[in-house]
């Protein structure tokens, strides 16, 4: 039946052939996005005249619609095998790793949640029922009863003390929270991998001095160090990302160094040496790629950790402050209402728990898939 | 009643690639005080067989179904009550494993690990158990037993560790000792010493010995009888000398060709071509046929039965008719030979 | 491994037992040459009252008051904090006079006082039965010592302005006899408010301490020996202060207070505070958040005394920056802020609109001023237009002739109320084309920014506790344009004139018209946008009785607080 | 062993000094004037100048550092301008509270975490394993202060009913000093329940996950098979032969968690108004009370080093191979 069915709806042929997960996801994505653009037609049409966020949302919408269709058609022709959608965590993962990962329902659920949050973040302008800074109560002639309104059909997650819609703010706030996590981890990875690789490969004085510095940074309890940096230099996204990255890289450095040391002694690196490859080439082309498995695992777990740390900083009043704040800062702002208007803080908190949980699930899955020996410790 | 009697033992492992028939219908007996060798390449199922005797098959990684019957002095071990099985483990049947490096717990002293076994199986007080531990260490030829007992495994050489393992196995005064590749990891001179030790304690204590190895020469030095295992089945069995001198199965001949023995250095090495296939996809017909150099058409289609044979000594022994005791082989060639007078 | 862990646990428990022991003041290892003997004398003096406890069911019990921040100390320099000042005034020390419920002066340490006809002399007659907690009698010597100490800038006393009209140094004070002390000054306003505020210090303990060292002397933070109804018992820094009833407190003033013990606890989170109040862990939660007050009012076990308080909340506009140099712009900003809505939305209606720095509880408060700068965005827009600020590039914000945008940065330090006000102001001013940029600063940075000479800010959100004597000289007088409090830096001769005059008129009737003129002028100059004076809301457990919290302070009636014996906490 | 410990401690001295120096330099780089702490209306510019002088703020950085280091090495941590008392007294008031909380939580989380992890490893793949994995991962992913409030709502205010009424906050009841020693102890323990529970729940997840992985690896080792072949009961195989080896890598975690508890507890300390080091540091950083920040950092550095040292010593205790290497 395949050939014609595949042009009716993406995912449908997969469903018929019993590939419920892929088919279901594709179908759901496609129908869901279609319904979204139908329901928020006005907002979508407005987007081309909007800011960059609107543009991103529009491109995402069209891109995912087209992508799902193309995948569905191609996959059906090719007879399956590929991964549905774009998979953030699977970049650079060997095919074997992906096969193991795919079989792990918890890891797949985690990946699903992470991707869903990213998609929601990109589509925030269309998904959010209100503008994130719509403050009905403080408009001219506004109604104070709009403040701290309990969850209802209009405001699914209620409103906060400025009468802003909590759901909309969570959707927009994901931009900050998720970006801070990614940026900080990305930055610390860059520094950490580079220094770790150099220390592990070159050894000697360079190794000693890098590792002494690592030891020194790690001798500070992390949160205190963060607190000090952020408090003394005033919280801004840049400062917070830098501070988080600065307290994260020693962990990466230490780990990469260990991996490189272990790999250095293995046959293939000696073989490469014997073949006369340059040291730089051996390090970056042969050793590092082999050390990346555990690095990716730790980085994934690190994102969850960073989001938690950012929430902790926010709780102490040192979070990312912007017109659309991070979830952590929303949690902080809502904290004083926890006893009477729990929804203001509870939903951002829930979003944090969910995303961190999802990143940890993905990290666990990756660990099983890439490196069953790898272990991690929580270092907040 | 035999010391150990295995009937139609099957062990199937569920792996990601499918069901692996690691042990696929094995019969044999081992009498009191007898030394039997079990020989096969890795993947032939010999280790799985050894582990299933004491119910030590790895748990968790795929369900394992031991079927058939393993009787120890007439007592059925398959599906046995766990408490009784524990009494038998180490007490009546003991095992010595392949890797002396990893088979001893690195965080306890050698002495304490042996003493633990002594206390478990013998009604001795602490002091007596300690003395017994030292005695056992001396028995397996460890010099300066007192100091060695207080050592941790990593402080001992490989040979010493294997001696310690044997001492631990002897701690419960077992009547059957299963030694699984117990000398493989050791270098050749040590290997010879350990084999000598095994043989001597076996004869001295009158134990049954099931010696498992991939190396026919190792087994032949110690055992009265040999079983050749391939693809989870016995392909040939018989008294050691007969197997060595007149191997019936092409596989056995292959093994003999590929063995490298100390006293036989000049013989050229002729390895068996190919590798043992995965236990999940045995070929149809005779499992050995893809590697067999004397393959017949029939081999592709049907698997031969284990045929009782007349030994070189002429007569099938008294226990003939009982599988796994006499001279047997599993090959169509033998049938052809017989048909063709 | 477990052995080692339990070893660790044991180690920690035993360390706590010998170091963290509260109760005797010596626990935290604070004993030194000064405090050790001082506290020992207090203990032995208090011991002489053993067995003489008054009988009555109201006597006994512990009351716990919870607050967000620690009380820095009992020294004269600490009086800048409202909490510290209250504990000095009502608990630990005595003031010469106190105010009754009608804010009329009443005898306290002084039984009586006279002000000379020409308003230049004030004579206090002291009670003879007031003893320092270590047994020394409180005399005129102590009062004179206190005066001489606080007028010395080295003492870092928070309100030197009180004594501006006093004759300098020793000329200002005269010990007539051990129980009589006389002050000399030029005529000025609200003379007695000074003496309601100033806690008297023990001369016999601090007389030898160089004034410059007083601010960092252990007396303030470790062993404040006072003469008030409660005597200092112990302090766990950052966590709590404990006072006990002073059995030697004069009978005529009610004698020993009912409560055995009063504990001030620092609980750094409003939510935890509220939970403690609900759970009964604290009896009083001072300065509740508005939403917690709403909750507490519905709770049968709690009540929420809500009362006007001499505090003012305002935006100080820095007139030194070009954007804000023009009074029309400042007036437009005030017109563009919907203050009643702020009160309604953020304070749940529990605040009084302000148009000047005179809080509603002050006698010179003029309610008719309320209407004059009412929210009127249209008028605000017109004013900005005439001042030359027009949206020239169509981005929604105004620019001047040079194209410089009307961009105002507003600094504040983190606090729920200020943050909300800043955010709401931003939205409302956006409506009239002003680009307000709220900038939250860390506490110390904030106070540095607004008080240092550089004044690197455009607008600042500030809360002041004014007390009952208003003196705006250091805020607006052109003579002190670089002074600590001269946030705005406006220069206006008319204001200067009023400011100079007001402080010299002791008579209220006579002063009132000047006050009115002053406030009207203030509206013109508009150095500040006055927002509101919030009512003070304290959550109080109903088991605590005799509590009259009012304008004078949360603790004004602490001598009369009592608890029902059945509802007392166990220790 | 002893000489090893001594050697390690000596090696840590430059590290700790390095840390303190780093902080000192960092603090002097921070924009803003530390004398701001005195900025109040009563303080005239002359007084402020004198204070700056006594604080040595006008000296060049090198001299200030030298003076500071000299005093520091002599055990003089300086004077806390914010708390108006010697830094040492202030820190000593906070440290025991933190240690008490941290050691209790550490002990419990390792105890429970090891139990849960072992259980999961033994029952690998079972429903119990999945459920426990989910629960531990949940606590591993939840913001600690959030969990703290939930526990207050449930166990102090009893929003879900139940006979619980643990103290919401603080480390002792007011006036606890008047109680008998026994009652003082129970009072303190009572106050410890919720903060310890929060920290324990958060940490247990990490420990359990770690132990599970470690035990899964150990259980597959040959010596476990040996132990079984010996005839040991399964419980003894796991708890004696397995756990002893499974704990070796867990010891490293101990070194990681120890400093985490000292600072990570700051959030918990804020919610539970627990007068410990975390809050002290927070307050000191906020109020620019640099002597306290420096002393606290130094102390944390010492704790981290001690934690690692303790972990190393424990390593030696649980792993004879390491013990021997050290001689």
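Chains here go by letter, A, B, C and D, matching the order in which they are written, and residues are numbered from 1 within each.
Going forward, contacts are C-beta pairs under 8 Å (C-beta built on N, C-alpha and C of every residue); 3 or more make two chains touch, one makes a residue touch a chain.
Computed from a predicted model, the values in this text were never measured in an experiment.
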| item | value |
| --- | --- |
| Co-neighbours of chain D and chain A - touch as defined | C |
| Chain ID, smallest distance between chain and overall C-alpha centroids | D |
| Approximate Å spacing (C-alpha centroids) for the pair chain B, chain C | 89 |
| Whole-Å gap separating chain A and chain B, where each centre is the average of the chain's CA atoms | 54 |
| Centroid distance [mean C-alpha coordinates] between chain C and chain A, Å | 47 |
| Chain centre separation (chain C, chain D; CA means) in Å | 37 |
| Multi-partner residues of chain D (at least 2 other chains) | 32, 149, 270, 286, 318 |
| Residue list for chain A, restricted to those that touch at least two other chains | 231-232, 338 |
| Multi-partner residues of chain B (at least 2 other chains) | none |
| Residue ranges of chain B in contact with chain D within the complex | 51, 54, 56, 58, 60, 82, 86-91, 94-95, 97-99, 102-108, 116-117, 120-121, 152, 154-155, 165, 168, 171-172 |
| Of all residues in chain A, those that touch chain C in their complex | 133, 135, 137-138, 140, 142, 144, 147-148, 161-162, 231-232, 234-235, 317, 321, 333, 335-341 |
| Residue ranges of chain A touching chain D (in the complex, touch as defined) | 106, 212, 215-216, 218-224, 227-228, 231-233, 304, 308, 311-312, 315-316, 331, 338, 349, 352-353, 356-357, 360-361, 364, 373, 375-380 |
| In the complex, chain C residues that touch chain A | 269-271, 274-275, 278, 289, 291-292, 294-295, 338, 341, 344-346, 377, 414, 416, 419-420, 423-424, 427-428, 431, 440-442, 445 |
| For the chain D and chain B complex, residues of the former touching the latter | 124-125, 220-223, 225-234, 241, 244-245, 248, 318-321, 324 |
